[in-house]
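In what comes next, chain A is part of two complexes: it sits with chain B in the first one and with chain C in the second one.
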Partner chain A sequence: MSSPVFVGVPRRMLQVSIDGHDVQVMEGMTILDACGRLGIDTPTLCNLETLTPVNVCRVCVVEVEGSRVLVPACSRKVEPGMKIQTDSERVRHSRRLVLELLGSSVDMSLCAPEVHGWMSRYGAQPQRFGPGAATVAQPVKVDNDLYVRDYSRCILCYKCVEACGVDAQNTFAIGVAGRGFEAHISTEFTVGLPESACVYCGNCIGVCPTGALMFKSEHDMRQADTWDENKQHVTETVCPYCGVGCMLELHVQDNSIVKVTSPLDHSVTSGHLCVKGRFGFQFVQRRGSG
Partner chain B sequence: MDIRTTGGPPTAAEIAAVDAVLGPPESLWEGGTRVAADDHLARGGRAVRSKRDLLLPVLHGLQDEVGWISRGGLEYACRRLNVPPAEAYGVASFYDRFALDEQPGLSVAVCDDVACKCAGADDLCRELEARFGPAGSAREGAVWHRSPCLGLCDRAPAARVERTGPSGHHAEGRLAPASTDGVIALLGGGVWPVEGEAYSPPALRATSPRGGEEIKLLRRVGHVDPQSIDAYRAAGGFAALRRALELGPEAVIRELTDAKLLGRGGAAFLTGRKWDAVARAPVRPHHLVCNADESEPGTFKDRVLMEGDPFAIIEAMTIAAVATGCERGYLYVRTEYPLARHRIENAVRLAREHGYLGDDVAGSGLRFDIEVRRGAGAYICGEETALFNSIEGKRGEPRNKPPFPVQAGLFGKPTLVNNVETLVNVLDIVSEGGAAFAATGTPDSTGTRLFCLSGHVQRAGVYEVLMGTTLRALIDMAGGLREGRSLRAVLLGGAAGSFVTEAQLDVPLSFEGTRAIGATLGSGAVMVLDDSADLEGILLRIARFFRHESCGQCVPCRVGTKRQEEILNRLLVDRQTSNRDGDVALLADIAQAMRDASICGLGQTAASAIQSAVIQLKVLNV
Partner chain C sequence: MFGAGGGTSSYREAEETDLVLLWGSNARETHPIFFHHLLRGVRNGARLVAVDPRRTTSAEWADLWLGIDVGSDIALANAMAREIIHAGLADREFIARATTGYDDYAKCVEPYTLERAEAETGVSAAAIREVALEYGRTDRAMICWTLGITEHHNAVDNVLALINLALLTGKVGRYGCGLNPLRGQNNVQGGGDMGAIPNRLPGFQDVEDPEKRAPFEKAWKAVVPPKRGYHLSQMFESMERGEMKAVYIVGENPARSEADQTRAVRLLSSLDHLVVQDIFLTQTAELAHVVLPAAAGWAESDGTVTSSERRVQRVRRALDPPAGARDDIEIISELARRLGCDWGQPTAEQVWDECRSLSPMHTGMAYARLDELGGIQWPCPDESHPGTQFLHARLWKDPVEGPRAPFSVVEHDPPVDKLTEEFPIRLTTGRRLDSFNTGVQTGAYSSPLRQREALLLSPADGARLGIADGERVRASSRRGSVEVPVRFDATLRPGLAFLTLHFPDQVATNVLTIDATDPKSGTAEFKASAIRVDKLSTSVS
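Up next is the complex of A and B:
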């Protein structure tokens, strides 16, 4: 009963300046966290609270006094006395160019509305690179009944690779292959998912910010033009399969489950599920067949 | 980790190639045949995972002996090293050297980079297309490719040939200067070996404006047998190591700090400060890395040092290890330098045999040994953190800094990483003292510097001069331009550097001198272009180089280098489709974003030469 409780090393408060406002933030926080405290909306694409920051999209860059180049807010920790500019000309220029470069090479139409908001905030005009600008357009990969991969929409944020790897699933079915503009997400030798190590947990779909990875049910409905988020409601429940207690959000349209997610901030799942919780919902809606 | 392998069994040749690196598998658990104990004794876990850094050596083994990496071969390597196949595929597909489909056994890489372009590489490639066939298409078991800089700019145009085959049959060679007949003969398998171990670089010139007294780094090159440790010792070798052991770590670092030596790889960081930080780092073990991945177009000084004076590098690494408390050192050399690699490997072996490496370094009781690692065709791996990832068996993607290598580098441990030339400087600093070193050169850029002269000069080669020597004097040392030609520009610092004009030729070649005119010494590449140079073609080549070498990790560089090439093509080749002013502005916009927001130095400098051509040479103001 008397064993000590380890509470961690006490963390100090640091004083930093963001856009001219002095703020006290906790040691160990990132610039992104600190901006969040001040209510500054920072665009991010490759960042997710449940994954290790990879700082590859560079849309969150900020200007730090004394630094030759801009620094990624998502991964750079605050340091005492840091002077940060989040809306300087240089910051706006780089954020705009990142959004333009992505928008000109990737189909970003299914990104969250906030992404389109950033596009207009920074005046991004992806079309200015001209009609001949190379894109990552390619046919949709449909090789199984559960989910599809449309890499025309892939911005290479590495989230799916992280979720498939040590950040969640530890399955390592996909990785980044190739180099430069030809870099892409792939299984070994681009084999289909059924031949790969994939266990269909669907956690890659859960973290994909662009709709490149999608439930097949959603994909089929979009193809048939029947997908309508205005007609969907979300039912929260707990997964019935085992005793772990994963929270499920059932997305229901026309009285059918069309997609299953789990909240990022749920202490059990951190947004991740297994194949049963994610895809094993057909039994709920087998109507009329006894 | 359970590894799912569905690619079918490996061939006997593939098993032999992998086992040649790793030794035979002990059980079914590591991809071998079932033994009785396998039923009740599991192997794997940490012991196997800690061998991940052998992935690149294993892939090299497959490429050397089988000629390509098949699914079966890759999956066998994965079972042996407990690496998921998708990850290993990501690694193999990252590096130019590894082929993932079946290739002819004989391949020739013809350099068409800037220096070789100046020496007629484009004509050479055109003739090859006409006489042999287009680049990349196989004929009678042979194929040729275009290649970025091979580091043979002093003998341009250059070609590199490789023959794959089982142990003993695999061979590499270089042809420089290369002719169409010569390359055709190589493709026919006719002349072999192209160059032997006895080969030594003929085009080397180590001179200075005031005679020979300033030659320090190159003094043994071409004079002392690079394959004999006795010759090296007779020429004063290992005296600096003995001196360093007498002085002790703190005094060595003090001398280095007093010398104000700046790193010669391109970033020009204070070497003494770096050593001090590693020596003081509380986390153990410390690692040492010698960056010999010299891939900057137009740079070949480290090759000359490795081929001509390999023991000096071993000695300097040992001093660095003693001073900073490293027990393990890695020398990462680009795969395009087979002779340098063999010379270094030979030097390491001899140094070990003579007690300069191993468990008791020169009788001091200290432990240090060196492992030679081979790059696999990726310019980005010259970036220090990408180099760490490459040694660790990963894709050569740079890491975000901080943390810096001195805090968390190779295998996450404090790491001292220095360029070859930087390390060789250490020998004289230790022998003669930091103050004596600091008295040479300029106050802020001390010592001498190696410059790689190539392009339209009379005598291309490596030149050692005191820091602060003017660019004009350096070009004069190389014999100046050819008769009747005038200077168009000098590309200083390689593809990541910038163009300097005739009016700027009196710039002193020091870090502060070049900075004052907005240029950089970079890696020491000096590519001289006269009025016959195809400047537009060179710019397109540089744009293609960066598009090809971008690792693809961050958006500004991955898409930016692609767009830069597209727009430059539009401006210089398909002129009708270009809105000139708009496109020039677009190039500048991309350049700024790449410079400001890229993760590493590659992206940050990918527009530097092109922008300097636009601004200094006014190439787009037609």
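Up next is the complex of A and C:
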């Protein structure tokens, strides 16, 4: 007998109020999803649709009536009758402080433009802690030819740990070590990548929101001041190696591939690649040189 | 399968199945992103069984590893079938309605007792029984395989043995069930779809069927040769007989990739005329009279490829090719013009639209739809069709739509290269995560994972032969010998050795391999050579 296909539990629609607007949303959605439906832009740093929420960055917090503390929108599910404030003074103050603390201790200059937009929206002034504020500044780790780790840019969002772990790659080469301000992303026993379990899929780079993890090709071009995103175009194509059919986004500058990513929303990859797909492109531009 | 050569399932189904038999495939390294889907299945509670002579990194994820002796897959599959039948787990209703040839099949598998299978395969009777019963009882189960099944002299029989298991238990044509060859190259599937196999026109249409040829002859205003052509191994045989004197090779490196490489190079060198069209000056191109420099299909030209889940996807031009290199379509059109046929200069989309007009399974796949949907899985007969998630749902219709699926009688037939006292070690070949085929492409990037090529040997064999880890030895088969360093590998059982084909300049692995080929598929038995390993100091050169 052919068995029926399970298509999921039937969902109810719930009535919630967001910033005074009554809205119907499907049960099981997060507050972040619901805000998205209403077109409310919510800042997030550690959230990504392909990863399990770890709600560590706290920049997405909202105020829920009856809740003593602010709640993270990315992981809190909507409940019937919830009254949510996304732009109250308490929310604005909290988001501002999170961005200020991160901005004062971490080099966030390579974060996406919307992060800088949130900084100005909430009036974040990281410099107000003064020149003596503690930072995570440290030398860039360059220990292989494929990618570099610049932990002075790391905000500890855990995305790389998740992509390396159960959410995608299941290699478990990195984790969070240390406590408090000393917490940091580390390989086992802090060995270099070549001595670690790393298989160079680069799926950690694919999810890094701050440029802490970067293709060595991009790092070298930035050092030489030749990296110019205005001169780059992105073309979607299919990986030339095995027959799985991973979609690649080739970032091309001056007729050279300088970086490879994959679309988060493609059913085959969910944005993830293997070492060949992410780094194995060089043959195509090393022809004619002998 | 049953007339359409493609994997039956979607990757997504691996996430929602109950059991996966990963058979002759190290997908963790060779198809890593498919393995992501499979791991999601494991996380969702699916059981994973790995059938592989080596305890691979894929097998590390398995609930059960069947360390099978190389080339004994049919004995294992037939013994599983016997267990399933005897336990009353055959799907009688499905068999009666949707299949043919069951009685002959049941008779054929009857002699494959657990005792015999244990002797032939090296897998314990208890493990064979456990996997058989689990496959029989589970509601949803998929079988996925790679070259461990197909690089054998009886490749097609191996595949048929797996198909038999699915038919026996009704594990095809339903969501989460199926039979899936994981393709090794980005367009192996698409090449087949497009008719780049000796007996097919685009869309798997039989070239020997006049009704199938007719639309092509009408569109092309030409007569299509009514007989099937040669597959690769037959071409080499024809060269050997001195009949085939001119060869035009597009994007292949047989001087390195063919089994029994010495013979391949001799035959290619003896041709009156060899044309090679490639993006590199490969070792094969160095033998050519004419080399046509080509643009790289995936980054320098437009077109489509087809994946292991039958998904047709767009490739797009992101780079200008190097000076002098031209798009394949442009080269072929120009060749046609000089041969007296003016085809103009069609774009990739125009060529594709012609294909859609002649291949019903591709008809609905306009470029705009491929862009919009992120690729479409064939068959897709019209532009309102969403594509096909899994094949053969028709087998569950009552009565069955179209022809019934045939069981095949297949018998165990061990590798051609026999193990003897003189050649006592079974050499098998495969890929590593960071490298690909003969290394032409992957050699250009600097992988921190890459090690120098070495003959992997079990530590027990090393001790028995008095060989130290890292020592250079001579590995010899009946066809040739190479010097190679040894690296001990605890994932190998005693008597099993492993080499890749990735570094032909370091180790010419294909000097050792045998070109015994499957008469039906033309695939050589790369997976099973018999070798001896000698210390250099005592070897006779």
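Keep in mind that, in the parts below, the second predicted complex is superposed on the first by the 287 of 290 C-alpha atoms of A that agree within 3 Å, B and C clash if a C-alpha of one lies under 4 Å from a C-alpha of the other, contacts with A are read in each partner's own complex, and residues count from 1 in each chain.
Everything below uses one rule, namely that contacts are C-beta pairs under 8 Å (C-beta built on N, C-alpha and C of every residue); 3 or more make two chains touch, one makes a residue touch a chain.
Every value quoted in this text rests on a predicted model; they were computed, and no experiment measured them.
Of the two partner chains placed around the shared chain by superposition, chain B is the only one that A:G130 touches, whereas chain C remains out of contact.
In the superposition on chain A, A:F181 makes contact with chain B only, while chain C stays out of contact range. In the superposition on chain A, A:T269 makes contact with chain C only, while chain B stays out of contact range. By the touch criterion defined above, A:V69 lies against chain B but remains apart from chain C after alignment on the C-alpha atoms of chain A.
Using the contact criterion defined above for the overlaid structures, shared-chain residue A:N170 touches chain B and also reaches chain C. Contact with neither chain B nor chain C is seen for A:M221 once the two complexes are overlaid on the shared chain. By the touch criterion defined above, A:V78 reaches neither chain B nor chain C.
Touch criterion met: A:N55 reaches chain B, while chain C stays clear of it. Touching of chain A by both chain B and chain C, each in its own complex, is seen for residues 170.
Chain A meets chain C in the complex at residues 1-3, 5, 144-146, 166, 168-170, 193-194, 198-201, 233, 235-247, 250, 252, 255-257, 263, 265-270, 272-277, 279-288. Remark: chain C residues 11-12, 30-34, 36, 39, 43, 93, 139-140, 173-175, 182-189, 279-280, 296-300, 305-309, 311, 313-320, 322-323, 325, 374-375, 396, 433-436, 440-449 touch chain A in the complex. Every residue of chain B that touches chain A in the complex is listed here, in rising order: 1-4, 6-7, 71, 74-75, 84-90, 93-94, 100, 378, 395, 400, 402, 547-556, 558-563, 566-567, 570, 577, 582, 586, 589-590, 592-593, 595-599, 604. By the touch rule above, chain A contacts chain B in their complex via residues 55-59, 61, 69-70, 72, 75-76, 90, 93-94, 97-98, 101-102, 104-105, 128-130, 132-134, 155-156, 170, 172-183, 186-189, 191, 195-197.
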